[in-house]
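Scrolling down, you'll hit the structures one after another.
Presented sequentially are two complexes of chain A, the first with chain B as partner and the second with chain C.
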Partner chain A sequence: MALRREVLLKARQEAASARLDALTLPAGGGWITRAREDALTRLRAMGLPTRRDEYWKFTDPAALVAPATDSAELLGEDPDGTVFDTIDRLKIVFVDGEFDADASDDLAAEGLEITRLAEAARHDLHWARDAYGLLEAEGQAPVERPLAALNTAFATDGVLIRATGKVSRPVALHYLRKDGNADAMVHHCIKLEPGSEMTLLESGAAAARFSQVLEVDVGDGARFNHVRTQGRDHERVSNSNLFARVGEGGVLKSFTLSANGALTRNEAFITLNGRDGVAHIAGAALGDGAFHHDDTVFITHAAPACESRQVYKKVLRGGATGVFQGKILVKQPAQLTDGYQISQALLLGGDDSQFLAKPELEIYADDVKCSHGSTTGEIDPEQLFYLRSRGMPEEEASALLVLAFVAEAIEEIENPDLAEDVRTHLAGWLDRHRG
Partner chain B sequence: MAALDETEVREGVDRETVETVASMAGKYKHGWETDIEMEFAPKGLNEDIVRLISEKNGEPQWLTDWRLEAYRRWQKMEEPEWAMLNIPPVDYQNQYYYAKPKSMVDKPQSLDDVDPKLLETYAKLGIPLKEQMILAGVEGADGEMGEGRKVAVDAVFDSVSLGTTFKEELARAGVIFCSISEAVREHPELVKKYLGSVVPQSDNFFAALNSAVFSDGSFVYVPPGVRCPMELSTYFRINAENTGQFERTLIICDREAYVSYLEGCTAPKRETHQLHAAVVEIVVLEDAEVKYSTVQNWYPGDEEGRGGIYNFVTKRADCREDRAKVMWTQVETGSAITWKYPSCILRGNDTQGEFYSIAITNNWQQADTGTKMIHLGRNSKSRIVSKGISAGHAQNTYRGLVSMHPKAKNSRNYTQCDSLLIGDQCGAHTVPYIEVKNTSSRVEHEATTSKVDDDQLFYCRSRGMDEEEAVALVVNGFCKEVLQALPMEFAMEAQALVAISLEGSVG
Partner chain C sequence: MEETEMLEIKNLHAQLEEDPDVKILNGVNLTVEAGKVHAIMGPNGSGKSTLAYVLSGREGYEVTEGSVSLLGEDILEMEPEERAAAGMFLAFQYPVEIPGVGNMTFLRTAVNAQRKARGQEEMSSTEFLKAVRDKAKTLKIEPEMLKRPVNTGFSGGEKKRNEILQMAMLEPKMCILDETDSGLDVDAMKLVADGVNALRDANRGFLVITHYQRLLNHIVPDVVHIMSQGRIVKTGGAELALEVEENGYADILAEAK
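Now for the complex of A and B:
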């Protein structure tokens, strides 16, 4: 009798070999080929996830794993205008997952060293040689993330950014989609040298199926800000993996706004490696209809006196599903840890929407302060009544309350201009999804 | 603790209870064993052993077949691995599955016939004398009882039930309280109807094992409209070495009835681990209410992690009809390993489930415990309050599920899990699953982890308490919400246990 564990592994490996049959390892040579081959070895050992994996209990990975993807409808202009358009930024454009030099700004910027992944492979001494795939590989334990290994092996494009100074002008990655069937994988590596600072923005429809890995190494005393929007391409299936390591006194802040999407899985794996490190990760997700959105976060406190925050808000309507799997792991040396986690869902009327959550704490140090909270429910009728008694029409009142509900997550964005831009975008979406 | 002697006895609390609590001031107090001649079934597990247990209990064919089916399913199952427990492999063939004191083979007719060693066992455990006479299996001793608190006791010694007290008085109220083997003989229709209806034979690995080899346990039936006149309790004692205890409890609370049930457990100190895999099934019908309280104090192993009970328990209550109500309260201080998730299936509309838990782990103990609240009916409500305390090298995990099915409109859940760490070598973990599948329900979950507050400790110490006393007081305060949910008889014992379990964890 085969053990359950073996049966599962076999199913995962079968899923992987079906996918691998449809793929070829990109050409590159040198260090990048070595890194890709290592990732392939990791992937073969793990296999690709199936619905029976505990880590995929709430989200069926089939569409992310399948050898081929369905096409997704191309949408026209965003009625709210392109997000971040009013922000002064260094714009890097990808079309169907491929770098577009003509549409992008000049990659030269003071304090930053930006290289296209496809080009860096030609330089044998590029810094990314020791970085590409490294944090991803470390992030495979204690929980396996095979889709990220798949990405490391097969991603053809992406950017490598090294920050050496304090850079205030954000770098904006904008993903455009022209092909209805695009099945794209991009992989970015970011290294912040000690004391440096940078902001990364991400936006755009990307691809029918989009896989993204972002590896961020935040050096001692460095600051990394990240604001991402995913939206409008309602038929997309996408998975993203953020792998980050934060050094002594380093700060990482990441925020994601997601609207609709047939299937979105955003994973974050963050390790606080140095004393006094800070990691804040937040998300606001809106779903109206048959959409599925999954935030899976794993924060490890490996050093003392670090602070982490996870703030997730989901507004679900018309049968949408929201998933949150969050974990704080506090290792034995990480005394004086301050860990906070909140996940909340607002379920609006109509068809039954779902919120599935697993907020976990795993703690091996005694001098810590860790808490998590999770709530699910409708709009508070008393709050609604209050606003209506002040003469506000019901629709407007509920839109206001929804905005207020999501606000706590948006407040995690440090830069007020960016926060305002995201808020405007969100209000536009809510306006179009009332009722 | 000496101060307890002068304690004014509160109303409803026996002198015995006070003395019992006072006597508990020390390390594990129930670690002695009774040297008594036992009758064992051969070691190991196979279909013949299952048949033998069934035969020894004089069971009808349907039950033998039921056990055999469970055994066959168990053979195809794997031990669950998902809990945060490091369980050394258990050799299921190196266990006795049936042990009975020889003197119980022929039921004694008078006190003189009862094996004095059995009497001594219960005296030592602090069970009051009048009850003890009945516990030891003497018929007719429950005739004249004094006034005051009455608790009917069913005592299970290794594999067999020794006796049940207050049977006549309970019978007058229509309540059936007896061992499950007796219920199989006397009330087969009830057992057949409800056995396995809440926890099916193949529910999980340990439940399947229990279904195959359960030897005894308690059976309760409260007829419609009856408020059970006294608390019912079962006292489990593992005595024999290398013997697993597999009791099965079945409680049926019929319409508009009420019962409060207490369960206590102890075992001797031994170098080797012992297996305990129990199943508790509760059926709650329309407008009925059941309270189930446990003080689990199996031998936890020594400071080095040697010995101790492996406690794998499946407990589930089915609020089968509208407005049924169930409340689980547990104080888990014993066992080397605890794997236990008392659950509520809130099937009827307007049903209510509550779970209050204190889990204390010290030294090398491991506990993975919590609850499942499965909301199926409309307007169902549940509340979870869990307090985990970890000290020494122990690992303590709260694992829970709150599930709101699409049909469970307007349901509510509130969950609070707090963990306290004492010392930097232990762990405290929280693994809640929250599944909300309709928009009108409301679920709230809160969890915190912290250490014993230095300010509180300092305050207590400045009032002249030593460090251990101060920690015990702070921890008792931390557990207050759960302790208050316990019936009076258990609250004091539990409070004392909290202090004892943490002995040696500071300084």
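Now for the complex of A and C:
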């Protein structure tokens, strides 16, 4: 066993040094450089993941780890128009991972302090100095997440947001892509002061290879809503890490829609730290062919009477692969925990697609309510016939049933306008992927 | 006045696709004229639901002989949705639950799909809403039921009333009702019967499948057929249903042999 661990670590460290040879720490100075150097130290100790890592058993990290990325063809404009376009929002634009001031709105909003990461060193942001990379570092145990440490060290851009009031107008991060080879890393760090509220939207093609870390500290009684749609270029690869901590009575709700993309690994590591905290995380993923989509979630209940939900739906066709690794860890003080987890796949057009699921519960408190379930199925022929007998053509009926299948995940979006916008984009995708 | 043949079934034979030894329909002959209500009665397992499914195009059955036409048009090669657009409607014996699809969305999508297939314009949403509300009200369907997912968590009676609501919205030419009365108490059955009677007109045909005579007190049929072992073995007027009610099927079936 010990020998095997050493062999694995050596392979990881070799992968890391190959990658690090191709990178240089971004200039910055001051506290941000120290945070990056700390992350680099963490990374060197862990190495980068390989297929032989238990946590990467179902997803080959090679394309995410390799020193260089393959180019990915650009799909161009979304025929349904840009998602969230009809939503009144404060828009922040990144092009190939770099902040674009001209295309972005003024970074000033009541109740929010927004600073560009690339300029963070020049500002003496006390809160950010104590926050950048902190939740990522804490999230390295019990399972290592080296790609996130890599991001903390090398991300050149992103935003630092501090919410001090209840802000209803969402902040929208939109990632444009111009370069076919763009290999981008962005890192956002968000702190919600007690009682504050904000909504974060994310959208856009981003990059050929996109790495993203989002650290969110939800203070006591604060509310954070997050709705994201991921790049729909077929060949793009991406990994994202959400690290969140939720304080007493705090609420975090995060939803992700992913359509297309060769490889997506979305990790979430959320800790409920104060009594009565709530964390809901949901995702809908749709893809065909060389589509590999992995949601890996780790929710820790560290305080009593918290509620968590994980709702994941994957629609897979033509050889696509869906992965779900979801864990609920209930620590000893977390009595009266309410934990729910569901992951389901709908396989369309035969059985050449696959869904690999590893749901886990680890419970050390005795008075808890936790349930989890995972299913793989096809469209129910009885339901299909019922709809067709009412006059709906087979494809329209199927699309309606696919939308019904993902409905439970979309219902996790609190704001009805945002939910409707996501639904419309989903319906558009289904329209174009019929047959 | 000359009668139009709404539905004409000739020598229909059908067996299970996956097991050709299970021959369920063994030569059904039946013609429903426009404006008429025909009833089919028969013991359990005689093939009534199978006939309804074969007529509406459900997969899993193979028609080996015979023909079916709707208003003179052969429908056996049509997809279920094409038959629906041509005017066929089946009120299911066991309406299907569809979690995640709102009843309203379902109704609107169905109505507009049929309109589109017939080259008509889509119904505007105000027009649609008004029509649904009016029809739901006469069937005593609560507005709240329209918002719920299709048939999901509905009681037996609610499911059956929902079938009639769909029928009322889609205004089909040929309505087949498969045991719409089963599982209903007297009040619910009366509501369903009123819903059906409201749709009776000279340009519409009905085929009412039932196991019991009591529904036929409320929907009085023009013709009653007795089905056994995949065939119509006796045909008569409304009085035939009373005969079944009093004496059961035994005598009729013995006589047919």
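In this section, the second predicted complex is superposed on the first by the 427 of 435 C-alpha atoms of A that agree within 3 Å, B and C clash if a C-alpha of one lies under 4 Å from a C-alpha of the other, contacts with A are read in each partner's own complex, and residues count from 1 in each chain.
One rule holds for everything that comes next: a contact is a pair of C-beta atoms (placed from the backbone, for glycine too) under 8 Å apart; a residue touches a chain by one contact, two chains touch by 3 or more.
None of these values were measured; they are calculated from a predicted model.
*Asks:* Once the structures are superposed on A, label A:Glu362 by its partner contacts, choosing first (chain B), second (chain C), both or neither.
*Replies:* In the superposition, A:Glu362 touches chain B alone.
*Asks:* I want to verify the contact counts: of chain B and chain C, which reaches more residues of chain A?
*Replies:* Comparing touch counts on chain A for chain B and chain C gives B.
*Asks:* Should A:Gly349 be classified as contacting the first partner (chain B), the second (chain C), both, or neither?
*Replies:* Touch partner of A:Gly349: chain B, not chain C.
*Asks:* So in the superposed three-chain picture, is A:Glu54 touching just chain B, just chain C, both, or none of them (first/second/both/neither)?
*Replies:* In the superposed model, A:Glu54 contacts chain B only, not chain C.
*Asks:* Just chain B (first), just chain C (second), both, or neither: which does A:Leu3 touch?
*Replies:* A:Leu3 sits against chain B, while chain C stays out of touch.
*Asks:* I'd like to know which partner A:Gly373 touches here: chain B for first, chain C for second, both or neither.
*Replies:* After superposing on A, A:Gly373 lies in contact with chain B but is clear of chain C.
*Asks:* What is the contact status of A:Glu382 with respect to chain B (first) and chain C (second): first, second, both, or neither?
*Replies:* A:Glu382 contacts chain C only, not chain B.
*Asks:* Please indicate which partner A:Asp124 is in contact with in the superposed arrangement: first for chain B, second for chain C, both, or neither.
*Replies:* Neither partner.
*Asks:* Touching A:Asp102, do we find chain B (first), chain C (second), both, or neither?
*Replies:* neither
*Asks:* Which bits of chain B are touching chain A when the two form their complex?
*Replies:* Spelled out, the residues of chain B in touch with chain A are 76, 78, 81-82, 84, 406, 419, 421-451.
*Asks:* Note which residues of chain A are touching chain B in the complex, please.
*Replies:* So the residues of chain A in touch with chain B come to 1, 3-5, 54, 58, 332, 335, 345, 347-350, 352-378.
*Asks:* Would you pull the chain C residues touching chain A in the complex into a rising list?
*Replies:* Chain C reaches chain A through residues 56-59, 79-81, 83-85, 89-90, 92, 95-96, 98-101, 105-106, 109-111, 113-114, 117, 149, 166, 170.
*Asks:* Spell out the residues on chain A that touch chain C in their complex, using ranges where they run on.
*Replies:* Per the touch definition, chain A meets chain C at residues 381-383, 385-394, 396-397, 400-401, 403-405, 407-408.
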